[in-house]
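Look at the two complexes coming up: chain A is in both, with chain B in one and chain C in the other.
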Partner chain A sequence: MQDLFHIGGKALSSRLFIGTGKYNRNTLIPEVIERSGAEVITVALRRVNPDWEEENLLHHIPSHMTLLPNTSGARNAEEAIRIARLARAADLGNWIKLEVIQDQRYLLPDNLETIKATEVLAAEGFVVLPYMSPDLSAALRLREAGAAAVMPLGSPIGSNRGLRTKELIQILIEEAGLPVIVDAGIGKPSEAAEAMEMGAAAVLLNTAIATARDPLGMAEAFRAAVAAGRLAHLAGLGPVEQNAVASSPLTGFLDEVGAEA
Partner chain B sequence: MSFYDILQTWEAFPFQLRLQGYREVDVQRALGKPKLDAEDLLALLSPAAGNHLEEMAQRARRITQSQFGNVIQLFTPMYVSDYCVNHCEYCSFSSIYDFPRKKLDMQEVDREAAAIAATGIRHILLLTGESRKDSPVEYLRDCVKVLRKHFASIGIEVNPMSVSEYQELGTAGVDSLTVFQEVYHRETYANLHVKGPKRNYRNRLEAPERGCEAGYRSVNIGALLGLYDWRREAFIAAMHADYLQTRYPGCEISLSIPRFRPYLGDFQPDSEVTDRALVQVLLAYRLFLPRAGITLSSREPARLRDKLVHLGVTKMSAGVSTAVGGHSQEGGTPQFEISDERSVSEIREMLYRNGLQPVFKDWDILVPN
Partner chain C sequence: MQVRLNGNETRLNEGSLTLADLLAQPPWRDRKLLVELNGTVVRKEDYTVTPLSEGDRIELVHFVGGG
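After this line comes the complex of A and B, so read on.
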């Protein structure tokens, strides 16, 4: 049976979402898409340059992909809402990765403004995927506001530091009642696999692929890691113990010869 | 408390003594830390760090790649008026020079903008000399209205203004501000700025924070290296950037690394800034402020710019003329001699050759027309 993943009315088979920033040339993007198997790709509206075909990111994205325009550069709800509307007006579809960042030093999201923008955009018919700090009450409010998923950060954008917020993400996976897509901070395929093993619905990453020595090789590595992590999650991980466990040290005598049947 | 107050606390600091006192071990300690403090910054600007440029460069490159990716954003400055009431010892627009001054009317602004936009540039930096009479806020606002038709981001590099004036231009469509202190050392500042409103050190020093207050998306500052001891100047400029980043987390802060260039007069710089020194400053900025933008101007020669793009630079100018109307008209007096005269398409090719993507557009004007 195919392990499909539904979001915003679409059924997706790849659980790896990728980005478009940071590549040394946009012509790499079609090959990265191919090797990663991704079906969803995020694009910063600020980088979309419709006036120059060759330098326009969109020109390099095959039409079968689901575009996930993002509101990079928005510092508050109002700016994010404007950028989302501009994206829709530019024919980029109605999915929006909502990024509201007030802090330019660590690029950490502003959950409060993100919730406000989600309310407005969801009501306008956008499929809203908000980037957020992994906080359960914020996730519940985002769900109430109409978000289609939540996208908690593993660690700061571009840091490649992995799942530093693991415990909090695990809580979201169990309690948020929405698909959890881990976004930002994943630096290694093993970390993507870990997020998937935990039960994340998908992962989104850009820096780890775009700045690898061989971005295409890395795209393929992430594809395999995400698939492996997902399989492991579905197969059910065994319990984790601190020490080696003998099979039955306390009750073994019950099976010994001569024990009462 | 503004940066002016913070600067006071550094006035009596024995820079020379401290800079000379750093040893290799201090530089190595700074290079081993995930987050650098003021002491580390000073160590990286010290003579001892001069022997560690390669190590610093390797780290600077890694930081830049992870923070910004393999991309460099391009912009072009556009000079619309060279009327100036200031007398600054190092500038060709200085009021003491007698040359026919020029100011573009709106039709000319439109033609100049169209000529620049035709090269693919989408980020424009609007420049004027300082003259409240010839280039008042109303004139700049009119220019911005015209520029909006051609560009996705508009910055200004004009005389220091009040918060409300910056806001007025922000409402018209300006999203970023460039203002260089030129020289942070007070005595040198007083000596070089002989006449005019630019003599007001504090007014200029606090202009970047007024831009942040006005809600600008990005603010770019810098010390014109060579006017005073470059190590001290670079240190103060980086502290200034750090102050702005901390106080205004919503604003992207950038540093420029302009180096003194020949101009009309015969002023000679106080401290020679060699290529090695320029590189040391660039690397120290990047390591101390991993998230700051670093802007490289066309003052530097092509052969050097082609190498500096790997060391932490995030933005560079291309297709530059520092004369008023220089893209659509003949004649005009340049503000300073540029060194890298390559066209936008030549810079684009150079970046691709170096494994970097030129980014022409990285914003959309959000304020309604």
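After this line comes the complex of A and C, so read on.
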């Protein structure tokens, strides 16, 4: 059975989105893409350094991938909108990971500025995927503003601390009325699986793969974990009980005679 | 002519009359860039018809790794 999901008019089969930051060498990226099975990949925009020519990152990203440029570095809606428009001038699609951050210690998103920027960019035809703090009223406003999904953080960017915001993300999954893509903080495949079991549409991660001892092996581990978590969600988790509920019959022989009669 | 290029005050030589002229010179020549001029994106096809003026704010950016 094909289990596709749709974002911005595209049908995706992989529910693992990956990033391109923090790799020791960009030549790893094509194989990370292959081993992870990802179809969506994030990139960032930065000022060009006049003094030395960096290799073109895009050379390492196969053309079948959906490029998801982010607005990292934006401190308010206006800056995020400028970065998004610049990214679109590359003619590599209209998806944008909207990221508006003022807090430099925890890199937590500014939901209010993110909502403002979403309104403008969605009206300009962008497929807006906003990085956000998992707050239901913000998610509903993002939906009204035209977001294609919401991307709540599990824990701070790059921290590998896992799903610390689990209960709030669960509420978004139930109530936001948009695909929920858990972005940031997922450090282990088991955490990615957990997000998928909860009913997340997808997960986005970068650091967990890029900083693993073997990024290629970790890419494959995440691929399997996301697929397993999704299958578990579709299968429906069994109920949780306070007391034991025997899985085997406890009566019927030894000293109980005819107990089952 | 003095402009602000990627945040730095920069003196351009007299040959830089348009954006295309500027980007044809080192160190920008043959680089894959995206351009913003005074807060507005300039598309590649418009480089040759975009004149530069004293005090312009020019941003030259490109894609790098990110999450």
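To be clear about the criterion, the second predicted complex is superposed on the first by the 237 of 261 C-alpha atoms of A that agree within 3 Å, B and C clash if a C-alpha of one lies under 4 Å from a C-alpha of the other, contacts with A are read in each partner's own complex, and residues count from 1 in each chain.
Note that a contact is a pair of C-beta atoms (placed from the backbone, for glycine too) under 8 Å apart; a residue touches a chain by one contact, two chains touch by 3 or more.
Since the model is a prediction, treat every value here as computed from it, not as a measurement.
Participant: Of the partners chain B and chain C, which touch A:51 in the superposed model: first, second, both, neither?
Facilitator: After superposing on A, A:51 lies in contact with both chain B and chain C.
Participant: I'd like to know which partner A:248 touches here: chain B for first, chain C for second, both or neither.
Facilitator: neither
Participant: Looking at the overlay, what does A:13 touch: chain B (first), chain C (second), both, or neither?
Facilitator: neither
Participant: Between chain B (first) and chain C (second), which does A:102 come into contact with in this model arrangement: first, second, both, or neither?
Facilitator: In the superposed model, A:102 contacts chain B only, not chain C.
Participant: Once the shared chain is lined up, is A:86 touching chain B (first), chain C (second), both, or neither of them?
Facilitator: both
Participant: Could you look at A:26 and tell me whether it touches chain B, chain C, both or neither (first, second, both, neither)?
Facilitator: After superposing on A, A:26 lies in contact with both chain B and chain C.
Participant: Which holds for A:158: it touches chain B only (first), chain C only (second), both, or neither?
Facilitator: It touches chain B and chain C both.
Participant: Applying the touch criterion given at the start, work out whether A:43 contacts chain B, chain C, both or neither, answering first, second, both or neither.
Facilitator: In the superposition, A:43 contacts chain C only.
Participant: If we overlay the two complexes on their shared chain A, which of chain B and chain C does A:207 touch? Say first, second, both or neither.
Facilitator: A:207 contacts both chain B and chain C.
Participant: Would you please give the residues of chain A that touch chain B in one complex and also touch chain C in the other complex?
Facilitator: Residues 21-23, 26, 44-48, 51, 82, 86, 158, 207 of chain A touch both chain B and chain C.
Participant: Report the residues of chain C in contact with chain A in the complex, numbered from low to high.
Facilitator: 6-7, 27-28, 31-36, 39, 41-44, 59-67
Participant: Note which residues of chain B are touching chain A in the complex, please.
Facilitator: Within the complex, chain B contacts chain A at residues 65-71, 120, 122, 152, 217, 245-246, 249-253, 291, 352, 355-364, 366.
Participant: Taking the complex as given, what residues does chain A use to touch chain B?
Facilitator: 21-26, 44-49, 51-52, 55, 73, 75, 79, 82-83, 86, 102-107, 158-160, 207, 210-211
Participant: Looking at the complex, which residues from chain A come into contact with chain C?
Facilitator: Against chain C, chain A makes touches at 19-23, 26, 42-48, 50-51, 53-54, 56-58, 69-70, 72, 82, 85-90, 157-158, 184, 204-207.
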